[in-house]
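Naming follows writing order (A, B and C), and every chain is counted from residue 1.
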Amino acid sequence: MNVHNLVQQTVFGLGLGAIYGLVAIGFSLVYRTMGLLSFVHPQYVMLGSVFGFTALVKLDLSLWTAIVPVGLLTALVAVVVDQVGLRPIRRRGGAEISLILATVAWGIILVEIVRQDWAYGPSALSLRSAARPPINVLGIELRWDTLGVLASGTVLALGLAAFLKLTRTGRAVRAVGESGPTAALMGIDVERMLAISAALAGFLGGVAGLLVGYLFSAGISTGTIGVKALAAAVIGGFGNIPGAIIGGLVLGVFDNIVAADVSATWRDAIVYGLIIVVLLLRPGGLFGRRTSART
Amino acid sequence: MRARDAILSRHHRSRTVTIVVTAVAVAALYGAAPRYDGTFFLSFLVDVVILGLAALGLQHTVGDGGVLNLGQAAFFGLGAYGGVWTLQHWHWTTLPAFGAAIVVAALGAVVMAPLLRLRGVYFAMASFAFGAMMFEIFGQAVSLTGGENGLFLVPPLRVFGHTFIGNRDSYLVVLTVALLCYAVLALLMRSGYGLSLHAVRQSENGARAAGVNVARLRFFALLIGVIPAALAGVLYAQVHGIVQASVFDYNQSVALITMVIVGGVASRWGAFAGALLAQYISVYPRAIEQYRFLLYGVLIAALMIVLPGGIASVGRVALARSRVLLGGGRL
Amino acid sequence: MTGLLDLSDVSRSFGSLKAVDGVTTSIAAGEIRGLIGPNGAGKTTVVNLISGFIPLTGGMIELDGLRLDRIPAHARVHHGIGRTFQTPQLCPTMSVLDNVVVGAHKRLATARFRNLRARSSLSSLRSEAANRAKQVGLGDLLHAHAGGLSYGHMRLLEIARALMGSPRLLLLDEPVAGMNEVESDEVATIVRELPQAGTTVLVIEHDMPFVMGLCDRITVLDHGDVIAEGTPAEVQADPRVEEVYLGTLGDEG
C-alpha cells in the first residue's frame, strides 16, 4: 500500500472512528456510573439510524437540524428503558447478571419494535438523497459527509466533556461514577444522575446512529456497529471517557486499514482479537493509566 | 444427638422425595418418545434438549463457578466442527466423535484460560470478544468449516453399531446424553470440588485462606462447562445433518446465557426450562408470528424484575409466599 | 536466628506510602507471638504479606528455611500457614460445618477425583470438621448458616476453618475485637492450647489484657517498623513503646 492510499484510508477511517467514539463514550459512561456492561446500548445506534430516516427522508430535515431531535428522542427512549427496565432491579439490589440480562431483553424489544411493518420494517433504509461531490486536498479525496461526521462527533464529545467537567450536574454524575454510596452521602440524588447518564449515553448513541445512517444505511442491523464500538471503549480504557473517543478514532482507522490492506475477510476477527489483547495486556486502555482488571 | 438425628431423618426424607421425583421425571421424558412419535413436537423437543445441554454446561460455569462466560457458542461450534471432521473424514461414529469434540473444545478452553485472570465485567467482555472472534473464524475458515454455507451430509447418530435416524431415535440419544451430563454435574457439585466452588463464590478471600487455588478452580468451572456444549455441537450436527457458522454467532452466546438466567442461574434443570421457553417462542406462537420475539423480550425484562431467580425459583417463591400468608413456619 | 518463621527486612509500599518498612523478626516454633501497634502501624499488612494476600516489595519471608514469598497464597496454606481476617470472610449461606470442611481444601482436592471414594472421604472430613467446630465452642451450631452467626461466633468459625488445614503457623487478625471479657477469655483458652498441637501463633490484637495475658513475646510496630520486641513485661516497660503506643492504652482500658 502506498502512502497516498494509507492517508486516504485514514481519512475514511476517521469518519467511522468518530461514530465508534460516540458509541464508546456511552458504553464507558454507563459503566462508570452503573458498573454495567449494557447490551441495549448498541440498539440506541439502531434507533438513532431509523429516527434519522424519519427526520431526513420523511421530514426532509438537513443533517444539522436533525441531530438534536434524533438525539433527544433516543435519549428519551434510553431514560424510559433505564427507569422501567433497570431501576426496579437496582432498587432491589439485584445481581449484576440480572441487570445485564435486562439490557439484553430491552435490546430485543427495541429491535423487534423497529422490525414491525408498521414501524420501519426489516430491510435497510437509505438516508442520503444526494451527497455533495467530494473535494480534493493535495490529492486526498475528502467527502463532505465524512468531514461533517467528524466535525459533529468532535463537537459532541467536547460538549460532553465540558458538561461533565464544568457543570454542577456533570460533576455530580462523575461523583456517582467514583462512588455511588459516597455521592449519596453528599446529598446527590444518585438515581437522577443515573437517569441523566442514561440520557447522555442514549443521546450520543442516537446521534451516532443518525451518522451511521447518513454514511452507510439505517435499519435494524445497524446495532452491529454498536457492538464493534465496544472494542473502541476497551481500547480507550473501559470507563475512560476521553479514552473512548481516542479509542473510537484508532479503531476506525485500524479497521479501515486492515480491511483495505490486510484482509477484508478477517477484519472483524482481528478487531475482536484486539479487544482480548488489550484487556489482557493494558486493561486500562492503550493510552490510559494502568488500572488493575485482574483478580 | 437427638437434634442431629432429626436433621438426618429430615435429610433422608427429602432425599427419598428427590429420588421419586427424579424417577418420575426421567420416565416421563423417555415416555414422550413413543407418545409424540411422528409429530413436530418431538423434533421440537430434540432441539430443546440439545440447546438445553449447551446451556447446562454454561450454567455450571456461570452459576456454580461464578465465571460469566459470554462466549459459550464458540465451544458449541468447536465441538460441532471437531466432531464432524472425524465423522466425515475419518468415518468415526458418535461416541469417538464426542471424544474429539471434547478435545477440541478443551483446547479452546485452554486458549481462553489466560482471560480468567480478568475480573468481573472485563472477563465478560473478553469472553464475548472470544466468542465473536471464533464465529468470524468459523465463517472464514471455509476449508475446515464450510463457512457460511456450512458442512452438509453429516452422517446420522451411530452408537454401538446402531444407527439412530428420525426424531424418535434422535430424541432418545440426545435425552440420554443430556441426562448423563446432568447426573455427572450433580455428582460433581456434591463432591469436594462442588464445595470448593461454593466457597469461592461466597467468599473468595476466605476460600484462598483455606488453601483453595482460585485460578485453577475457575479454570475447571470453565473447562467442565464447555464439555456439554461440545457434545451438544456434535448432536446438533448429526441430528440436522448440517452445520452452518451462523448457528454459533455471538447472538447464540447471548441466547444461551439468556436461557441460563431465565431458567435460574442456580438451577441445573433451569437451563432446560430456559431452552424450552426460548425454543417455544421461536417456533410455536403462530397466531402472533411477528410479535413472538417482542413477547420474549418483554418476558425476560419482566422476569428480571419480578423473578430474578428465574423459572426454577417459581416453586420456592410460591412456597415462601404461601407460608407467609398462612403465618406458619419459617423457611 | 532461625525460628519457624523468619522475616528479613520485609517491606511493602503502596505508592509512596511505606506500610511496612524493613521488618525483621523471628518467631520460634511453639511460640504465641503478639503483634501490636497503633492504628495504621502496618500490622494487618504484615499478616497479608506472610499469608501471601499481597506481594512483598522487599525482603524475604522464610518458613522453616523455605522461601515463602515466592509461593502463591493458596499454596502457602498447604505449607502450613493458616489465617483469619479482621472482617470475617465466610460463606454466608453455607452451614458452619461446610465452612469448616472447606478449610481442608488440600484433602478435598485429592478427594475430588477419587470419584467412588469421594463421598466416604468427604464424610470423614465432615466428622473431623465437627470436632474442630466443637474445639472452638461451635458444637451446637454445626448446621446453622454462617451468615446468621454473631460476630464473635464468626471469628471462632474462622479459627476452626484455619485449624482444618493443620497449620504450623496460625495468623489471627484481631480475634477478640468486639467480644466481651468472658468471650475473649474463651478465645484465649482455645489459642493457648494450640502450641501443644503443633501450631505456632501470631496474633494481632488491640485488647491489651488479652495480648499481655496470652503471648509469650510481643512485637511492637509503629509506622511499619519494629520499635520493640520482648516479653510482655519487657515491652510494657519499654519507654519507646510507652511513647508511641501505651499512651493510648489508658483510653482503651
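By our rule, a residue touches a chain if its C-beta (ideal position, glycine included) is under 8 Å from a C-beta of that chain, and two chains touch if they have at least 3 such contacts.
Being a predicted model, the structure only gives us computed values, none of them experimental.
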{"item": "Most extensive contact between chains (C-beta pair count)", "value": "A-B"}
{"item": "Far-end chain from chain C, centres as C-alpha averages", "value": "A"}
{"item": "Rounded Å distance, chain A centre to chain B centre (Cα mean)", "value": "33"}
{"item": "Centre distance in Å when chain B and chain C are each reduced to the mean of their C-alpha atoms", "value": "42"}
{"item": "Separation of mean Cα positions, chain C and chain A [Å, integer]", "value": "50"}
{"item": "Touching two or more other chains - residue numbers and ranges from chain B", "value": "214"}
{"item": "Residues of chain C defined as touching chain B within the complex", "value": "51, 53, 72-75, 77-78, 82-85, 88-94, 98-99, 101-109, 111-112, 115, 118-119, 121-122, 125, 142-143, 158, 161-162, 164-165"}
{"item": "Contact set on chain A toward chain B in their complex", "value": "31, 35-37, 39, 85, 88-89, 92, 94-102, 104-109, 112-113, 115-117, 227, 230-231, 234, 238, 265-266, 268-269, 272-273, 275-276, 279-280, 283, 293-295"}
{"item": "Residues of chain B defined as touching chain C within the complex", "value": "4, 7, 187, 190-193, 195-196, 198-199, 201-203, 205-214"}
{"item": "Residue ranges of chain B in contact with chain A within the complex", "value": "62, 68, 114-115, 117-122, 124-126, 128-130, 132-133, 136-137, 140, 204, 214-215, 250, 254, 257-258, 261-262, 265, 290-291, 293-294, 296-301, 304-305, 308"}
